[in-house]
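Multiple structures are listed underneath, in structure tokens.
Okay, so chain A shows up in both of these, paired with chain B first and chain C after.
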Partner chain A sequence: MNRMTGILFWLALLAVLAFITMPIVVVVAASLSPTSAVSFDPSQWTLRWYADLASQRWLQPFLLSVEVAAVVAVTSGVLGLLAAYALVYERIPASDAIMSFLLSPLSVPQIVKGVAIVLFLSQIGLQGLLGTPALIAAHVVLALPFVTRMVATSIANFDRGLDRAAQILGANKLQRLIHVLLPMVKPGVLSGVTFAFIISFNNIPLSVFLVRPGDTTLPITVINYLEYSLDPVMAAVNVASMIFILAAIFTFEKIGGFSAQIHGGSK
Partner chain B sequence: MSNIDIELVSVSKSFGLVPVVHDISLQIPKGEFVSILGPSGCGKTTTLNMIAGFNAPSLGDIRIRGKSQVRIPPERRNIGLVFQNYALFPHMTVAENVGFGLRMRGASRSQISLAVRDALRGVHLEGFGSRYPRELSGGQQQRVALARAIAPRPSVLLLDEPLSNLDLKLREAMRVELKEIQESLGMTFVYVTHDQEEAMAMSDRIVVMWQGAIAQEGSPAEIYSRPKTSFVADFIGRSNILPMSDLVLRPPYLDFAIADGALRLRSTEAWSGQDMRFCCIRPECIRFLAEGEAAAQGANQLTGRLHRVVNLGAQLELFVEIAKTLLVSATMPSGAAGRLPPLGHEVRLSIAAQDVRLLAR
Partner chain C sequence: MNTLVLELPAAPARRDGRSHLYAALSPSLVVLAIFFALPMGLMIGISFSDAASGTLSLANYHRFLTDGLSLAGIGRTALMSFLVAVSVTILGYPVAYFLARSKGRTRAIVFALALAPELAGVVLRTYGWLIILEDRGFINDALLHLGLIDAPLPLSKNLFAVVVGLTHVVLPFGILSLMTSIQGIDPNLERAAQMLGASRASVIRHVVLPLSVPGIVSSLLISFTMAASAYATPALLGGAGFKVLATMVYEQVLFYVNWPFAAVLANALLLMMLAVSFIGIRFEARRRAVHKGLTGGAS
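Entry: the complex of A and B
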């Protein structure tokens, strides 16, 4: 009986993993295939589609996406840290209400948000901001709940005994923030920042309303391209951006070590 | 210049409507090792936190070397504190932890590294500077916490049950070591604990707290041999606490009945009023009399039935029924076991009149 459940468990696990990874395998194979027909024969594989990626057609959207995602990551990282600090650490008045407000964008569909932002900007005569500035602002609104939530969790887990220890050792408030609180919540902040970067880099539903024709982000460019053709270049773009995201996650993790156990201290 | 380091003047503290500390006054001279001893919830940690500055007193004043501290935040009190769970910074090495206090005060690199080396040597952790706290055992973390607290040379070191997370052997070794460190530094130590043995072993003075107030204050010997209240007698060491009745003054003795009038005892202590209704006799003050041996002049002599003998290793604890349903406990060296009669037989006991202590409440 026990053996049966064990086998079932592994089968279910394999099925889930296959469901997640098979499409990726297909995309990778497609990007390497010589023709539009997906080939799984490695002897026929070619890298020539990847050469297309260096063209302005793909490079420009890529650079725009990276630029927007980087600004969004840093901005929402700073804002999320400040918000979580005030609401969770200092417990300013009405903290819970403010926190709910900050998290509320989560409950509005992105398409609705996108339309609302376009209408709002035109109403107040600031349609000139459409394009990069609006993209950045909208992505920050989208990413901020995630970042705030993650930083809030790591601040809530912060052992205030450490703050007292630093205080009795002569550290003033600013010194305690810099030398004790920040290093301890750094992993939470960096994982929030990573999240914000990915959310922005991959976003379609909001961006589609806010980009200016001819100056679009990578996912929007992909969508537009798909309307006219489905060829291995598409697959190559997707594989390349997947590799880029993985590299970004890896880099952030190297900096922050957010999967490392730094809380093993005195317990 | 007075040599009082810490002074509490009629300090009270309530959290909301809950009174936690009630009208405590205390003077701690420079260089003394004082323990604040009491069961959990007696207000000892709150008292410590008020000295450190984490809690402000609701009433009264706290002075350090004559200067009121009430408006001074913890970071400017120049006090060291060793926390019960050590509270070491997990993201810093041992050396960074120990040097933290001096670094915050803007000491130079060379000053810091010198002080760190000294402090680590003081707690026998030379060569551990580059480790992280999580790589150390509990006892080593404890020493790092101690080194971190003393490295900036505070005027006063507060210790909040620092040994309670260690195992018994280590705890006993650390008692001696802490006392030696305190003496070599000449620093004032205020040690909060619920462990009476710890307090007895290290302190120059013990302040026993109960229900937010000071129950008794004195040297360990004084607290042990002359407990003033039944709480102190019961909390510190083992004791027989017996209700007294029918008191008669027969100078130099006070003569009274115990066990509902079945027996009479005498004490040389002065009776000070109505609220003295119990007496206390330490088990080691009850002497077992061998066959034919007479009690000393003026001593109480009792006969009872040997009810049970418990072997405590170096000592035997005898439970003797001296009246119906009244058992007293007496201790004797294990080596003398051969002189004991079998269980259920009659034994004679003697108790010197000065060992019968009268207790308030």
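Entry: the complex of A and C
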């Protein structure tokens, strides 16, 4: 009986893992297949669809997505760090209320935020901002609460004993901030920045309202094509953008070493 | 719009040691006030205005309640999100239990397999399901080839496809909330039950499952809200006839350019989300109260 339960449990686990990996495996295979029929035979695989990625049709949206995501990541990283510093480290009056305001966008669905922003811009006559500027503003609104929360957590975990030790040793406020607090919260800030980069790069529900012809992000370009065809090029685009995201995370991790924090190592 | 008031203390730059702190805080407050609080207020206001004349009116809400399509859209959104919430929680449970109770290399591999898809983005995964579920897709091709069916099964462009796609998108979040809850259960309870002669199946049923109810509830709630506000997956996997609140909002903005009605639909979606999180908060409060009662307020 117990063995039976064990076997059933493992079967269930493997089935769920197969369900999770299946669409990704299929897309990777599709991107390597010679025709639009998906082939799982590695001897037939080809990289010809990847050659199309260099065309302007894909390169332009990709570069726009990278540009928007980079600006969003840096902006929300800096703003989130400053806000969390004032609210959690210095605990200015009404910190909790202000923090709730900063986190309030989290409880509003993205598509609702998107409608609100596009409606706002059109009502006050600033449709001209649609495209890159509106994308950046909306993605910052999306990412900032996440980043603020991540940085706030790492400041809350910061050991103030270190700060006092530095003070006793004669460090002034600025020196303590730069040489004590900042290095200790760096992993939190960098994981926030990485997260901001990813959610901006992959975003659909906000971007769908804010792009305009010639100023379209990669995911929106892809879903617009997907409605017409399941071209293998699309698979190649998707796989390439996944590899790009993994590379970006790897790079940020090399700079920041935040996986130690995720595993509960630092502190 | 109450939230806007919170910004006021930042305005007067007082010349004491604190002014630089308000300066540090103000960029975030200004960005959120201009691009979040103000637009949200305006959107709620516009839902009460007439599309043609711009005067104050309840016509949009009247249309919402009487045109039939909108209420059907809410019903479809709720049904879809409910099915996703249940599937995520059932599928996520064995993975979460395994992750909570094991260590070492296998755990690391399962963890990576379970969560890595999140990085791939919604488009890639939805595209994968399109290839798999299409009429001339992967599953139908295989079944036709094997002679098990004569005509392709209707696997795509319907509720089934959307539920499969969304379950896949939301699953990592369900697994994480279940895992956290199961990790909080003392493994000694399971050992004790086993020593007293309970089979593994009955340990799971009578010990682990009841104690992980908070995790189950939070997995259901998070899955429901994520599914109800998803846009891309229902739009691509559901086909043109499949309308949920999120895709209806999109249609009103970009095809009909009816701002007030789009605002009404968006408000309905927002209300639905708030109602679900309210249920979550109530549940958590009640659980805490019961827990406090049991431990004599010692916790």
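Everything that follows uses one rule, which is that the second predicted complex is superposed on the first by the 244 of 267 C-alpha atoms of A that agree within 3 Å, B and C clash if a C-alpha of one lies under 4 Å from a C-alpha of the other, contacts with A are read in each partner's own complex, and residues count from 1 in each chain.
We adopt the following convention: a contact is a pair of C-beta atoms (placed from the backbone, for glycine too) under 8 Å apart; a residue touches a chain by one contact, two chains touch by 3 or more.
As the structure is a computational prediction, the values presented were derived from the model and not from experiment.
Peer 1: Just checking: does A:98 make contact with chain B only, chain C only, both, or neither of them? Give me first, second, both or neither.
Peer 2: In the superposed model, A:98 contacts chain C only, not chain B.
Peer 1: Given the touch rule stated above, what does A:184 touch, chain B (first), chain C (second), both, or neither?
Peer 2: A:184 contacts chain B only, not chain C.
Peer 1: Please indicate which partner A:115 is in contact with in the superposed arrangement: first for chain B, second for chain C, both, or neither.
Peer 2: Once the two structures are laid over each other on A, A:115 reaches chain C alone.
Peer 1: Who touches more of chain A, chain B or chain C?
Peer 2: If we count touched residues of chain A for both partners, the winner is C.
Peer 1: In the overlay, answer first, second, both or neither for which of chain B and chain C A:162 touches.
Peer 2: First partner only.
Peer 1: Quick check for you: in the superposed arrangement, does A:171 touch first (chain B), second (chain C), both or neither?
Peer 2: A:171: touches chain B, not chain C.
Peer 1: So in the complex, which bits of chain C are touching chain A?
Peer 2: 3, 6-7, 9, 18, 21-22, 24-25, 27-29, 31-32, 35-36, 38-40, 42-43, 46, 91-92, 94-95, 98, 110, 113-114, 117, 119-132, 134, 138, 141, 168, 171, 199-201, 204, 225, 228-232, 235-236, 246, 249-250, 253-254, 259, 262-263, 266-267, 269-270, 273-274, 277
Peer 1: Could you list, by residue number, the parts of chain B that touch chain A in their complex?
Peer 2: Listed in rising order, the residues of chain B that touch chain A are 52-54, 73-81, 83, 85-91, 100-101, 104-105, 132-134, 141, 148-149, 152.
Peer 1: Please output the residues of chain A touching chain C within their complex, sorted ascending.
Peer 2: 1-2, 5-6, 9, 12-13, 16-17, 19-24, 26-27, 30, 37-38, 79-80, 82-83, 85-87, 90, 92-94, 97-98, 101-102, 104-105, 107-113, 115-120, 122-123, 137-138, 140-141, 144, 148, 198, 201-202, 204-205, 208-209, 219, 222-223, 226-227, 230, 234-235, 238-239, 241-242, 245-246, 249
Peer 1: Across the complex, what residues on chain A touch chain B?
Peer 2: Per the touch definition, chain A meets chain B at residues 159, 161-162, 164-172, 175, 179-180, 183-184, 262-267.
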